[in-house]
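Chains: A, B, C and D, in written order; residue numbering restarts at 1 for each.
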Amino acid sequence: MIPTISTIPIAELASGDILSIQVYKFVGAKPGKKAYLQANLHGAEIVGNAVIAQLIEFLKTLDDTQLAGEIWLVPTCNPLGTNQRSHHFSSGRYNHYDGKDWNRIFWDYEKEGEDIAEFAKTQLDLEPSQIRQNYRQKIKNCFDRAIEKIDKPSSVSFSDRYRYHLQGLCLDADYVLDLHSSTNQSIDYLYCFQGQEESARYFLLDASILFNEYDGNAFDEAFLKSWLALESEFEKLDRTLKLDVESWTIELGSGMQIDPDSVFRGVRGIKNYLAYKQILDISGFPLYQSFSQKVEFTPKSRVKGYYSSRGGMIRSRVDLGTCIQTGQLLYQILCFNKKGRLPEIIDVRAEASGRVFQVSTNHAVNEGEYVLGVMELSDK
Amino acid sequence: MIPTISTIPIAELASGDILSIQVYKFVGAKPGKKAYLQANLHGAEIVGNAVIAQLIEFLKTLDDTQLAGEIWLVPTCNPLGTNQRSHHFSSGRYNHYDGKDWNRIFWDYEKEGEDIAEFAKTQLDLEPSQIRQNYRQKIKNCFDRAIEKIDKPSSVSFSDRYRYHLQGLCLDADYVLDLHSSTNQSIDYLYCFQGQEESARYFLLDASILFNEYDGNAFDEAFLKSWLALESEFEKLDRTLKLDVESWTIELGSGMQIDPDSVFRGVRGIKNYLAYKQILDISGFPLYQSFSQKVEFTPKSRVKGYYSSRGGMIRSRVDLGTCIQTGQLLYQILCFNKKGRLPEIIDVRAEASGRVFQVSTNHAVNEGEYVLGVMELSDK
Amino acid sequence: MIPTISTIPIAELASGDILSIQVYKFVGAKPGKKAYLQANLHGAEIVGNAVIAQLIEFLKTLDDTQLAGEIWLVPTCNPLGTNQRSHHFSSGRYNHYDGKDWNRIFWDYEKEGEDIAEFAKTQLDLEPSQIRQNYRQKIKNCFDRAIEKIDKPSSVSFSDRYRYHLQGLCLDADYVLDLHSSTNQSIDYLYCFQGQEESARYFLLDASILFNEYDGNAFDEAFLKSWLALESEFEKLDRTLKLDVESWTIELGSGMQIDPDSVFRGVRGIKNYLAYKQILDISGFPLYQSFSQKVEFTPKSRVKGYYSSRGGMIRSRVDLGTCIQTGQLLYQILCFNKKGRLPEIIDVRAEASGRVFQVSTNHAVNEGEYVLGVMELSDK
Amino acid sequence: MIPTISTIPIAELASGDILSIQVYKFVGAKPGKKAYLQANLHGAEIVGNAVIAQLIEFLKTLDDTQLAGEIWLVPTCNPLGTNQRSHHFSSGRYNHYDGKDWNRIFWDYEKEGEDIAEFAKTQLDLEPSQIRQNYRQKIKNCFDRAIEKIDKPSSVSFSDRYRYHLQGLCLDADYVLDLHSSTNQSIDYLYCFQGQEESARYFLLDASILFNEYDGNAFDEAFLKSWLALESEFEKLDRTLKLDVESWTIELGSGMQIDPDSVFRGVRGIKNYLAYKQILDISGFPLYQSFSQKVEFTPKSRVKGYYSSRGGMIRSRVDLGTCIQTGQLLYQILCFNKKGRLPEIIDVRAEASGRVFQVSTNHAVNEGEYVLGVMELSDK
């Protein structure tokens, strides 16, 4: 199968140069669902590019009868972020022009003030596929009105232009997969929305953060929230509706690195998920271990970041992935001072038991900087 | 009058050096209201420091019988922001560590889930001064619980530490004045909350943006919102309560500059406001022109930013302060390209009439960068 | 006359996007000299782009019989620098990857260890035009060997790749004009090599810094030094040789701005210079005032930068362009402190008389930051 | 032994806060040589701080009779660099204000135009210790004249102020040890000046880069060059003079990390070196393995950096420390594009055999960015 490749200019720079994104579209012989994958929305998080490159290689080997529906892939989806450097490092988590986090800028249908409850009432007797189509059209109409602002003389900020480009590619998707990594050092895990736990297993990762709170306007949320809202409105009308629209942020290892193990797990999980969703018809998939895969779901409210209470140098830190007990020594801070005193060493201990899923790349900390993250166990 | 000066360490750096803020407190011979002033929360916005320096000079010349209550002044209130450089420029609008806007990080009592409606009911029969005191205590208790997190092993991020330092200084203030400037080039104006229009006149500035929407967690909002919420709860209980608690963001001219005219207007307005509020008893104040001062209030929803629809160089832009008509040429973009074509020039015209209150310092623009801001006239 | 326009890719970014430079070549009907102009080597210095855009417009109106030789123009010659932002500001004076000043990276034939003295001896009896041609070939051969390194597996750093791109365009030029501005606020002036004073007048600017020392590897120096070295070798051999190869850095006003006056003076001066050099045959040029134009040449060793001896805020600074006397108040520093003391004000006075030709855009200074520059008068 | 601790303010910031360096001085009971150690001159290179902290702990356990002479230690010697962040990373290799590399700013006596040859002639008949003392005084006098500039109204740039602070601490040292790490990932090694090879062994590291060329104004060079120049002048006068003044840059592992192995090797090597130099009298030192220690000296001209010839993502790179053969695959570049083509993979092979001593932390590369460094074997 050969993909259709389209190139979309997204930023004319002051110099007259243009940055683009490029979409690789594989279209199956049979109709079906649409999966949308992108990678590298944050500048340092490059693993997903290697995953997508391998998926493209793999999909090229398939026959189009093995694909039902469409798979769209967008590697290096944020050129401004990917190419940004501060010294040798990839500092592109936020836009250096305005400080905006590249993954907190997305358009959220729910905030447009449309009456979803009213819409739900009009759809009560319809089939899910029809409802999906109608709602998608409704979202699309609203989106089209929103982007009209771009063409006015006052236009919109770059963040707004950019979000319309990316979201315009996946408004009609069924499954959205946004491939991230940690800014720092991390295990592989994924973010899971409530109600998607069953599907989550097919990514074959053993750790997941379960959204029980949102911090707003992330790509995965911006796509899914309006669908969750619709399902919730049906719930109120006493109809349980499952629309099979899903959104995933998959976290593959550490920033600025391409760990082959993370790439392997990323590719395997995505193939498995697409087979489970019957987009891909590939031999042996879904893998038999999918059915016994254990995923530890940690609610987001139980994910705890440890921030340094002092300025200094981190030492003796527990390793990434360690399971820790309450009271266990997590790390020490070597503190210098400019007050004529000797250096001192501060112990920092675990507040609760859990798993260290993330550690900072930088072992120097100003007061209040990030040191590590723990997926805490529940109290039971 | 000699101020009490206290120095508060706010950041131990990785090197062992410490950054502090310093509070100059003038305490009057008579009890009264507390005014809290700070400057330079955003790194480039330095005019307020000169205003505060002049106010300190002025207050030193007063007798303590001329002051009822207290005036607290905090110049260079954000050392990390003030000292940050990128090339010769002050890039400290956001924290370079995490991209967070220094003026969108503040603690908001309203979001803590306390039952303000319930509280209002318990206070229905009390005097405003008693209600003020009770509510202040209630906020303080909640704040004290929130800051306990700092002392846990996981502690909190620098933004959270820092906000508690600043807000801890003014939780019990009656009047909060946060002195800002534009990042870019700007006229002098102020932000006004609804219901404060009468007081606004005493700053003797002719332009004001009236909050009819919030973008959240700014210093002025974080202070005032809970008080507005309480007043609103009383309204629902059919009691009109005016607590005389006010919050102001005063915008004094352009970034990275100290324009003596902006300093003059800042000092004059603040003295006049403090006299009007009967904190200062100074001859000739409030100035007679206060009573005839015209302020053009533009609702925030009618403030329009113009963003460049192309990458290139801005030319022929209207001057700062210009009153413009719909359709008038606002600026041109000189666009180069890397496609073998000649340069071109794009005209950008006004969408609506109004006053250009802000223009970008930088005449080079990548697509979607800010060019100018207009306080638009209403349609009538 | 219609230019030939060629586009040269100079940087493939991590995202797969490509940045280019674009050369506009006007070729006359008659043979003659080659003038090479570029603009915006430092990211904030955008005035030259507007100058080049106007020159292109002007040259288009000419008939090719009015041009002898060639004029090559390269606006926005450094896309990485031009597009770089830190907050709203153009921070592209140096490469954020390695800190290298974009105008200190150029290839210097003299440092390649070639024996120029020996070469001079072989050319003693030849005509200047023949010597020019032979020497150019010699430089070109050396340059070609140097760029071979690019194609090795270890390749070269971006700075080295980039310099070869730009210098490859003008190795065979007779006149090189590099259009800069100040990072800060500045008057219009130009840098003049010794021996070029007569030509300098034709730019119709009244101030010039005369090189009596180099700080190395700037674009203008990298082009001209080898020619000066050859002339000097001839001098030792008792032949005075004037090869009429010239190099200029023209400083047009302030950074991040496009002042129409600076554009006007830039365009006028360049047209006048090109007419004087008989590349352009345009009515009325060289302008009659060229002959009476006074240029104040200040040796580089008499250009003095004032750096702040304290951290604080600059106030009461003399205006740009002011002629100052020894002992005159130049500026004050408003110094805050974190030691429980009142703010203080420091006076800074002129060490010598002269002209303030540059002032910092930023009025906040950390200790040792730049405040202003003076072209000092000689002691006589 | 208890150190004397002195704190030296080095930077008053715009906010009025002050950054300092702090010197820990251990003074022995007997007279002797002076060793000066500093760490963290480049912001990301923090390992040396942990080494110095451990040395302080160790020296505290000694009796002052075990120390002949003095040991001065300066951890976090560059607060501006140490505390600088761009996103979570330590970007402080160069000053963000002017792009200057913090280790290319130092004062070089040789460039002050003093007549060292003339001085040598006056010292021909003296003892080395007397010559050392006389020359040191001569350098000191010149240095004192140079720093007078600081107190003039025009003062000096921050780099110049800062260099005088640091160099003023070690002008009279016999041994200077500057503890660095790689910006990227690195093995432990040291820089060795010619003639110091014998001493180098005592650091017990197996790899060393031998200076056969300088790139100028680094801290180690700025200290030692004038002494090498004096020895060289004596050589011309037919006297072989060894003054036992030494300067070392010790590279301990990777940036932003504190690898305990690197700390161990740093502490062990420095103790061993100081025992060898008879400053420390500690049991068992110098360690017996010092005498059999093999150091592979690679001339600086045989250290080769590999820069990416394409933009993209690095994969399949050889591990740090690998010994490679000519033609061996070193790494691949996964290249995306925005021209409608499939991604491609580029192989990069070794130009010569050697040891990979450094690899980039960041696996994303814009064209011309650093990928790895090789200490190449000689051709024999």
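One rule holds for everything that comes next: a residue touches a chain if its C-beta (ideal position, glycine included) is under 8 Å from a C-beta of that chain, and two chains touch if they have at least 3 such contacts.
For reference, the UniProt names are A, B, C, D = Succinylglutamate desuccinylase/aspartoacylase family protein.
Please read these numbers as outputs of a predicted model, since none were measured by experiment.
Of all chains, the one whose Cα centroid sits at the greatest distance from that of chain A is C. More inter-chain C-beta contacts link the pair B-C than the other of B-C and A-C. Each chain gets a centre from the mean of its Cα atoms; for chain A and chain C, those two points are 47 Å apart. A separation of 35 Å divides the Cα centre of chain A from that of chain B. Distance between chain centres (mean CA atoms), chain B to chain C: 42 Å.
With touch defined as above, residues shared between interfaces to two or more other chains in chain C number as follows: 13-20, 22, 46, 76, 82-83, 85-88, 93-94, 97-99, 311, 313, 336-338, 364, 366, 369-370. Contact residues on chain B toward chain A in their complex (touch as defined above): 11-18, 93-95, 97-101, 150-162, 304-313, 330, 335-338, 348-351, 364-370. Only residues 3, 5-7, 19-22, 24, 43-44, 46, 49-50, 53, 56, 60, 75-76, 82-83, 85-94, 183-184, 256-258, 260, 311, 313-315, 334, 336-343, 360-364, 366, 369-370 of chain D touch chain A when the two sit together in their complex. By the touch criterion given at the top, residues 13-20, 22, 40, 46, 76, 78-79, 82-83, 85-88, 96-99 of chain C touch chain A in their complex.
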